[in-house]
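Below you'll find the structure, written out as structure tokens, and then a few comments.
Letters are used for the chains, namely A, B, C and D, taken in the order the chains are written, and counting of residues starts over at 1 for each.
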Amino acid sequence: MKEIDLWQSEAREEAVSRPGALVRAAVAGATGYAGRELIRILSRHPGCKIVRLMSSGRDGRGTFPVQKSQPVLRGRTKLPCQPLKVEDLRAAEVDVAFLCTPHETSHDVVPELLARGLRVIDLSGAFRLKDSQNFARWYGFEHKAAPALSDAAYGIPELSPAEIRRARLVANPGCYATSIILALAPLLQAGWIDSRAGIIADSKSGASGAGRALSDKLHFAEVNENLRAYGLFNHRHVPEMLQALGLEENQFIFTPHLLPITRGILSTIYVRLVASGAPKRLEQVVGLFEGLYARSPMVRIYPPGALPEILAVAHTNFADLGFALDEPTGRLIIVSALDNLGKGAAGQAVQNMNLMFGFAEDMGLA
Amino acid sequence: MKEIDLWQSEAREEAVSRPGALVRAAVAGATGYAGRELIRILSRHPGCKIVRLMSSGRDGRGTFPVQKSQPVLRGRTKLPCQPLKVEDLRAAEVDVAFLCTPHETSHDVVPELLARGLRVIDLSGAFRLKDSQNFARWYGFEHKAAPALSDAAYGIPELSPAEIRRARLVANPGCYATSIILALAPLLQAGWIDSRAGIIADSKSGASGAGRALSDKLHFAEVNENLRAYGLFNHRHVPEMLQALGLEENQFIFTPHLLPITRGILSTIYVRLVASGAPKRLEQVVGLFEGLYARSPMVRIYPPGALPEILAVAHTNFADLGFALDEPTGRLIIVSALDNLGKGAAGQAVQNMNLMFGFAEDMGLA
Amino acid sequence: MKEIDLWQSEAREEAVSRPGALVRAAVAGATGYAGRELIRILSRHPGCKIVRLMSSGRDGRGTFPVQKSQPVLRGRTKLPCQPLKVEDLRAAEVDVAFLCTPHETSHDVVPELLARGLRVIDLSGAFRLKDSQNFARWYGFEHKAAPALSDAAYGIPELSPAEIRRARLVANPGCYATSIILALAPLLQAGWIDSRAGIIADSKSGASGAGRALSDKLHFAEVNENLRAYGLFNHRHVPEMLQALGLEENQFIFTPHLLPITRGILSTIYVRLVASGAPKRLEQVVGLFEGLYARSPMVRIYPPGALPEILAVAHTNFADLGFALDEPTGRLIIVSALDNLGKGAAGQAVQNMNLMFGFAEDMGLA
Amino acid sequence: MKEIDLWQSEAREEAVSRPGALVRAAVAGATGYAGRELIRILSRHPGCKIVRLMSSGRDGRGTFPVQKSQPVLRGRTKLPCQPLKVEDLRAAEVDVAFLCTPHETSHDVVPELLARGLRVIDLSGAFRLKDSQNFARWYGFEHKAAPALSDAAYGIPELSPAEIRRARLVANPGCYATSIILALAPLLQAGWIDSRAGIIADSKSGASGAGRALSDKLHFAEVNENLRAYGLFNHRHVPEMLQALGLEENQFIFTPHLLPITRGILSTIYVRLVASGAPKRLEQVVGLFEGLYARSPMVRIYPPGALPEILAVAHTNFADLGFALDEPTGRLIIVSALDNLGKGAAGQAVQNMNLMFGFAEDMGLA
């Protein structure tokens, strides 16, 4: 699998050009759910100041109070929401741009933003895949920004901290992908999983993960008191998981389900440990994770007998991991939980910003 | 107040022209929530047969399997859903047309359907108000079918059974209106309420009451874990309540709220009993309701100390009424519960059909 | 695997001793969720009459109105709820006893009820396992009614209709088990599944499946906006599934999850088709199920491209099955949905009664 | 009505005896919902340090990891939860004790804690009513701590900041009470409400407001998809509202309802403005509130046309107020929203602590 710069000790680079000053952030996509959460977090982040809110303008509105679209932001910011125009963003005024925009919009504006000297954290999928050929199949558009693609850091702070710290562009991972990669990377890196036996990730996500765009599938009465599977053998987060984990498509099944809750993902992951070379006892599996994530404040490893649940991570930036092992057969179940808007989107974006600008990794994150 | 033909003993008219035969029903608006529930009820009604499903065609689709839009109807009907065309409906083939269509559509097609000899049960608001002048203010269109308007029976079976039995056109009441009228009509008729002191109905409804049309207010994540009031001093169901109850606008406040549930309405209604002429004890209030609704199988009166709740009426055609009286002051609270898709829409429509065609009032209703 | 008397043509036995009369049913466990649903269904079943409601008396109450515990049953029955005493049940007055009682209670009373000449449908787990030795491990008590155990029919009407028709005792299957057995039995019987590759059933259930007993795990605020896995490698429904499907414990993983909904189960089941002997195309898999369940009115098979969801089965007795196949690799996902109180408990119990007493299989079931 | 020390300018007293040091807080009742939220807030409060967690010991447990009862607190505190013993609390080690304990427990321990020199913020109802005679009727126990009662400050920071700053004991108000008092106090103080016409507060609360104790009324399946009214003319929060607002019992109706959500209260409040002396236009009403709460960072006043909803306040410490006025008649509806665990309990407790120890009023509150 891909070499991961896990938990390296490294020199803290000089990240902020204006020492002592607040990082100035612009947020594009301020009217969606990830944008809302991002603004909420940044508005009380001690090292950061929001200087501009923008919306991709698909709604045809000009400048308007962001509270009109996001009542929960009353009292948190006085900035209006403006149309997204790249030419309005100058490195002299903005240090970092967060993009909570559609994939195609991000694809279009990122190269220009980089050229203008801004650092960018993109929450869309537009820069997550290294191979530009993959976008046509999974995202339905041809990718024309290969240079940015190869420079982009795939932003899971626990797995690639050094790369993220020096990145000009961070591709913030998908919510499902984060919950599954954090659960599998340590085991795959240790060589403990029998990949040929197949890895199955059965994930369940709250409805905010689908975004705020109108859809008859997301009407309250269609989601409430319901559960449905979707995207079988065909979900957009698959290629970024294969890429990060070094797996082949025929070794991995990912099945997402839509839960009748607003926030949270729980992934139940089924693997088989290799017959020789892997440990036989649950405590050893837990120990591997405790060791590897020991310096990661946002990952919580559960002891044998306890399992994560969505309630423990909702409205937080934690990713929780718990385990059950059928010791005689080596069948291992990993339960992974996080908040799709927190560690799965806006929270992780801020965690990435913290690395990029030299802050403590969990600053401003609950 | 308006004279109500409550609980009159009356001769059962010869309702069905073809004795012994099943009533043949057409349903327009088959892709919405009221349409779905209506088809579900009618598909197992022992005296009725669905002969045609239609959609108002706003979605631009031609004929398609209704299960495509309504998976829950798999195995319940083999009829396709066709575009609504009045000329397809002939009295020789259809006895009754149920309209779960937008107000404007109902307004347009009802006169033609009546002219073609069909009986009509309209679940929209287009024929609920006697005064055609009221439509411009409350519904935003000019009403041009005054004759049908004056012939229409306002269809609460418990309150106007005789009128409904002989009606060619029944205007099926609003869901909120039903829950409130059933609670207030007996008291107002008895002259026990001090209307000048003001009547306040604070209602809470599940999201299916808002229909299936797309709206950013009805996205799952906007309704879930939320409650919001709307339509203050300005809701479309007000005029039909004033009309049915004989009240003035300044005597009545109605405040609807959107609940994070799919089905059900609970109305909490505040009135003051008149100082003289009304009883002083809770048991007497309960007794009035028990007497007046004694022959109404779908209304359940709760004894002192017990109160209705939505769970007891959801997925049923019951309307439940309970009471709390502050005996020293005569302040009375009535709690009224029903299922907005059942007694508040499709169930009540079938109850009306039962009266119109000589069936037992609760036939086919759970 | 075990021989299953699937879809046999067989003579309708003379089931009802008193032709034309209503089947007289007693319900024990009337204060729980399965009991509530059973009473609701039976109260409008055209071939049945409830003659006695009982509660196991653990709550220390004597005789009381069942509505006190079950407001939704107002207006549906006038029978009080009495303490469960076997000596009150006589074959001259009761044809069939439904037991919605704790496992231990069912274990204790079933032999006596059979001895008194009643037929019994037991919704607990007390008679589901053929090997009495299994009860100590999975249910925590020693089984002392081996004769009844060997006579009991495991009651999935689609799979063992003949056995159920002649049974004196039907062990009504577990809700999870029903959803999984209906999905796997046809494939295993056809020899299409590679069992050694492992079968994984990832199930999600609404909270009513856990029963009505108090538990801090079932407090509203602990279930709402949450999802949690439980019983990993150790759930009580496993042995009945292994038994019905002829599988070994190391070939099968079952992981239940608690959903924040009241009613419904969705099972996502992962299998691998055998390399030779199994078809390669999805249509062929669907065709197998369509053929085998063609005469089963309560099982709905979805065409390629459509998948079951809980909303389509909640408040019904349907079991829905849909499929996705990765044709190059033979990896098959089956999505199975049913209502845990309907087809997963009370509905299936009535379906079993229908077979036992010669009624149409779906009589009284929506 | 009672004189309220609204918005007085006052000298900031020297609140913290050890300047620069962190306030040391003990939390009793750490296993409940208010306790959980309090620990969550305090664990990241920049001016405070939790030094002891306790549980009232009713559960018979000794010392245990608080995460066992509260998984969400993993990674937030390393303190164990100990039995509540007053003798363990010394002023030399603890500056303030938060009590999230049952009313009776608070009643018993508060006098001792004060005697030992601690400051106390009590989240129970035990010290909210000035007249000790009232406790027998509303709380079911005889109050024997009259001196503490008369010293206690009723802790709504927006209404009694000076009193709270100097208090040794703060009685943290009820959740419903806070939502209603904040909405009515300005109008009553201005003399704009016609109290004789009656004031009606129809409130709806999420289930966490009922606490974590087991109850069959709080089982998930009893709350979900339901709404029920309770405590009609008889709820424990009434006397503290009458006391704070200077109203008589016969002028006020309060009806709480249980919502199927975890967090949040929405109160819909109906009043009539006095015919002379009150303004006629909605903008004037809004202006009164904007003026009075101008220096209150946690109260948000909505402009005409916008209304609060629970989603905008959940997981925050904000109290939101919006208004609709029927200008011809003076009938005014106030919609008040807050989070029952935030501004309605733990958040307000921290806000009170902030005043008591000289911090910014909203420090550590989101």
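Following the convention adopted for this analysis, a contact is a pair of C-beta atoms (placed from the backbone, for glycine too) under 8 Å apart; a residue touches a chain by one contact, two chains touch by 3 or more.
Just so we're clear, the structure is a prediction, and the values are computed from it rather than from any experiment.
> Taking CA centroids for every chain, report which one is farthest away from chain A.
Between chain A and the rest, the longest centre separation is with B.
> In terms of C-beta pairs in contact, which of A-D and A-C ranks higher?
Between the two chain pairs, A-C has more contacting C-beta pairs.
> Please tell me the distance, in whole Å, between the geometric centres of chain A and chain B computed from their C-alpha atoms.
Those two chain centres are 47 Å apart.
> Quick one: report the Å distance separating chain A from chain D, using the average Cα coordinate of each chain.
Their C-alpha centroids are separated by 37 Å.
> If you average the Cα atoms of chain A and of chain C to get two centres, how far apart are those centres in Å?
That gives a centre separation of 41 Å.
> Check each residue of chain C and list the ones that touch at least two other chains.
Chain C, residues with two or more chain partners: 206, 222, 224-225, 260-262, 308-309, 311.
> Using the touch rule from the top, collect the residues of chain D that touch chain A in their complex.
40, 44, 71-72, 74-75, 225, 297, 300, 306, 308-309, 311-313, 315-316, 318, 320, 366
> Which chain A residues qualify as touching chain B in the complex?
Contact set of chain A toward chain B: 33, 206-208, 212, 214-216, 218-225, 260-262.
> Along chain C, where are the residues that touch chain A in the complex?
For chain C paired with chain A, touching residues are 197-198, 200, 202, 204, 206, 222, 224-230, 232-233, 250, 253, 255, 257, 259-264, 266, 268, 270, 272, 307-311, 314, 324, 326, 328-329, 331, 333, 335.
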